[in-house]
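Dropping the structures in below, format is structure tokens.
Presented sequentially are two complexes of subunit A, the first with subunit B as partner and the second with subunit C.
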Partner chain A sequence: MKDPKVEVNFEKRKELEKVLGADQVSYCYQCGACVGDCPSARFFEGFNPREIMLKSLIGDFDDLISKDSIIWKCSNCYNCYERCPQDVRPVEVIIALKNIASQNETSPKEILDVTRRIIETGYSVPIVSTSNRIREELGLPPLKKIDVSELKEILKPDKKTEKK
Partner chain B sequence: MIWKPAWVIIQDKFVKLEVGAIIVATGMGVYDPTEIEEYGYGKYENVITSMEFERLICAGGPTEGHFVRPSDQQRPKRIGFIQCVGSRSKKYGSEYCSNICCMNTVKDTLLLRDHYPDTENYVFYMDIRAFGKGFEDMYMRSKAEGVKYIRGIPGEILSINGNGDLKVEVENTLTGQLEDYDLDMVVLSVGVKPQDDSPTIRKLLTLSKTSDGFMMEAHPKLKPVDAPTRGVFFAGCVESPKDIKDSVTQAGAAAAHAQILLNAGKVKIEAITSRIDMDLCTKCGQCSDVCPYGAIKWTKGELPELIEAACAGCGSCGAECKFDAITMRHFSDHQLLAQIDSILENEPMKKLLTFACNWCSYAGGDFAGISRLQYPVHSRLIRTMCSARIQEDFVIHAFEKGAPMVLVSGCHFADCHYINANRQTVRRVLRLWDKLDKLQIRPERLQLEWISAAEGQKFASVMRKLDGKRKDVTQEEVDYSIQALKASKLKGDARKAAMEQLKCPRPPEPISIPPSTNGESVFQCMSCGHTYTGHYDAKEELVEWSCPKSECKSNSIRVHRKKAGK
Partner chain C sequence: MKMAFFPGCMIPVKYPYMEAAIRKTVPPLGIEIVDVEGFTCCPDPIHFKAADNLGWVTLAARNLCVAEEAGLDIFTICSGCTETLSEASYMLNEDKELRQRVNKRLARVGKKYNGTVKVKHLVTVLRDDVGIEKIKSTVKKPLTNVMVAIHYGCHLLKPSVFMKVDDPDDPHVMDSLVRAIGGETCRHKEWYLCCGRACFDQNLREEMTECVLDSVKKMDADCMGMICPTCFSSFDLGQIMLARKKKDSEAEVNMISPVYYFQLLGLAQGLKPEELGLDRHKIKLNTVLEKMSLKN
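Showing the complex of A and B:
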């Protein structure tokens, strides 16, 4: 915030508030309780949930939903959810931003890979030939093949998310 | 250290006194931070509350003024204060600001600087509210003494070793940096809350509370020390969280107000009180149930006894009495019915009959006039002291005389000048809507609105809206309702025959009940027709309802008490 004059973009904020999970964002009073306990804020330079809330509050979050956005550094640990005295649920606001970014197709390639993998195999980590061998050595049963037909049905794009 | 307690045996004793005034000064309670797990109060010995800090640093305290930390009886060097613990939070404690904790912390830091200049003090805050006389000076002095103020609420207190040393993780929101502080001791600046047993006193003296749980004053600006029950006054934190100076000020005012009463010897009360005609009374006790002041004493099977000095004149008992045994002086049935008659004598179709309470709605109409707001000329106001005076018969009488629309208006729930009398208004209007519906008269023709004395704008807009609804009412409809109400007064077969002869020109629209609601009641806005479901229990205390639609916000909310989905 280099410009001392900040103009709130109410329309953009209202748009964000309509997304599931972000409806309480206007209650944030910037106390910073979400940052003190945030593991991502500790280890990633520039990641600060309070600032993300501030940007959402003033409706200036274009850079958060653009490519290479900082929001993907959030580890979804829900610590901020527990700490927030105003019930803003910062993590859910971040998830809402992530959903917007996904719809705009600006989410990182790695995220798309994971998504594709879940739809195709039902696992979020890649299953390679060595996986089952290591499991055997550890005395674990081999990985089951997952029936993803139901999952595919659930994750099918609806009218709103279908590509035009 | 040997600490010898002095044993004094104090025995409870009941003392009967006859008094002329009562001052309630039962004080406040303190928030217990055990539930905030991240602060570890109760888990870490060296995390203490501000109240415990007061005892530790006090010369008469358990350590005789030696400031030591609980875990190892050593003097702490680095002390942190966390503000707003149990205040301004939707999650823990209360949503209000507790008023005193900021300055208490500033004072504590100055005490520490005075006694132990070698200690380092840190205050973690979100806002320092130094609002009183000399407070800002004190805050600045504390800063100048070297106390470090960090704007940011810590996420967690951690124990770094087994020796009771603590670590606080916090974002300094002014620099945006994440900082760690190693501390010897943390003081939680806890908020205040109402006394746990305050409901007992409330019940005893028929007092009411505000939404935060503290006692409600008779008027927030003009009568801040008076209770709604006359002869009762407040002093100190029983009314709201306040510091010593404000408490002393209020106590002085309360004492002076009580002295006025005591010196007068005889007290003049308003002549607007109720009078019970013992010949007509059937000893049913309904009047005693609805009196917000407990001014009507009644035991089953006995005649009620009215304490006139306690009666404030709302008229709720008069409206409740089905046997016309209660007369409200200056607002008798006879007087009010005569007003309705004369309003509807000529061209009733052009009249918008409005019942307005003296304190809020009538004053709101006044304010609309003073502000020169434009509203239709058709409104005719009937003033009562409280909306609770409006008897069901009055509304029925108005419809019988051909009124197209009737509005019942009163104070907002929080502003009711007769403690909670207007909750009875809601119950009566709900009964009236059901009755009108049964007789096939459109219940929308009766409306309910809460208008405060400052809401001239709302008064004018309500009048405009209702005038539109008035134009919508047809002559046939009014004729039918006159006949139907007359027929409803007949008994048995005669009534049945009379009702069968009538044909309703415009029956009320049946409401659509949304499917799949479990045990919830259906609420219907009688102004815009919007329906929604919600929790309603007739036994619980009512809350103020308004239409959730932002463009409507009407208070005419009808509850369909049959369970939804059936």
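Showing the complex of A and C:
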């Protein structure tokens, strides 16, 4: 018989809890309320938010932050946030895992592309040559050129001198 | 009533006709649109948030500061923008430590988030501030006999703790706004299902989109009433791509047309279909225009 004892890697879990949005993860009592309304669980057999929470709880989530991890199948519908009786906000924990993956450069290329576009142009969508022509035909002003100088400044990591 | 207009990115860049519909239909309702200098992408709750949640809330806080400096509440027209700005406000108002941390970053550019600005999706403004009677008073051409299958999408309603638009399990806001302009609404079986657009898995996206479409097509509706531009992309171009990929000739003939609520409002206010960019949709709004005697 398999040994049912589970070793919790508290250090690893703490690492996750420090990421914005994942601070409530230890309150998960594995009820599964997040699964019932999860569209990704409904259409993809291997996706189960309760299991993602379990791996997060026991600090065994290396596979979740690796390349092509299942977490990217989350639809971001926020149903689990709505349903969770413990305020764990599973989707926010999944996003925290995505943040770790992004830091480790294992997130999909599209994530970095869109993020970079926002920082460099202020827009999430690429502006093409026809964009302003169509706007003009509809009687709309041309798209504003956005001053992004402030964005780069406020995205710099917290400075030690700024901390309490 | 003066409000700061937060246009976002997807609508002004990809679907400018939705913006045109807003700019033409909202002033008659007594709302003065103020274009405030300094807004950027909200930033988007799917990509940017996945890359850097703290950076995401910081950029959102900066946008909130821009409205605070202008002394105006914000109205949004995109569910994604509404989600970002509402969640960021909620986080910054609930978590004092986070607010302090974000304000230290904002101080580098001379800004400070004070928590004085409200963020409202335009449908909430219409229901709560403008009122159904006022909307009715602007109708010149009611949508008589037009059946609209509403698809709320996810981010307009959830999480309700900070979206505060409507009951996510039994929403009525879109239904009452469609009825105000003379149309009828129905709730299709999969009304609760996500369009799938934010899954990073093409098959999964398509399965969800297709399931919603199959459900809508069973309703005998004239169009699909949309409020989210991301859902719109799934059901306009997405519907065509899906039919082509599956080589489904029946689906290619039997398309259901998605339409943004404010375009329907525009038709009801007597605007021409071209003024609302309805000729630019991939799937044309034929049966609605026929019923309204607007088809050439």
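Quick notes on this structure:
We adopt the following convention: the second predicted complex is superposed on the first by the 136 of 164 C-alpha atoms of A that agree within 3 Å, B and C clash if a C-alpha of one lies under 4 Å from a C-alpha of the other, contacts with A are read in each partner's own complex, and residues count from 1 in each chain.
Everything that follows uses one rule, which is that a residue touches a chain if its C-beta (ideal position, glycine included) is under 8 Å from a C-beta of that chain, and two chains touch if they have at least 3 such contacts.
This one's a predicted model, so the numbers in the text were calculated from it and none came from an experiment.
In the superposition on chain A, A:P85 contacts subunit B only, with no contact to subunit C. Touch criterion met: A:Y123 reaches subunit C, while subunit B stays clear of it. Contact with subunit B, but none with subunit C, is seen for A:G32 once the two complexes are overlaid on the shared chain.
Applying the stated contact rule after C-alpha superposition, one finds that A:E51 touches subunit B and leaves subunit C untouched. When the two structures are aligned on the shared chain, A:K98 is found in touch with subunit C, with no touch to subunit B.
Of the two partners subunit B and subunit C, more residues of subunit A are touched by C. Residues 37, 79, 82 of subunit A contact both subunit B in one complex and subunit C in the other.
Within the complex formed with subunit B, the residues of subunit A that make contact are 27, 29-38, 41-42, 48, 50-51, 79, 82-87.
Residues of subunit B that touch subunit A in their complex: 38, 84, 88-92, 126, 151-156, 168-173, 176, 178. Of all the residues in subunit C, the ones that touch subunit A in their complex are 9-10, 12-14, 16-17, 19-20, 23, 38-41, 43-55, 57-59, 62, 83, 98, 100-101, 104-109, 111, 154-155, 158-160, 168, 192-194, 196, 198-201, 204, 207-208, 211, 275, 277, 280. Across the complex, subunit A meets subunit C through its residues 19-21, 37, 39-40, 43-44, 72-79, 81-82, 89, 95-96, 98-99, 102, 107-108, 110-112, 114-115, 118, 122-127, 131, 134-135, 138-140, 143, 146-148, 150-151, 153-156, 158, 162-164.
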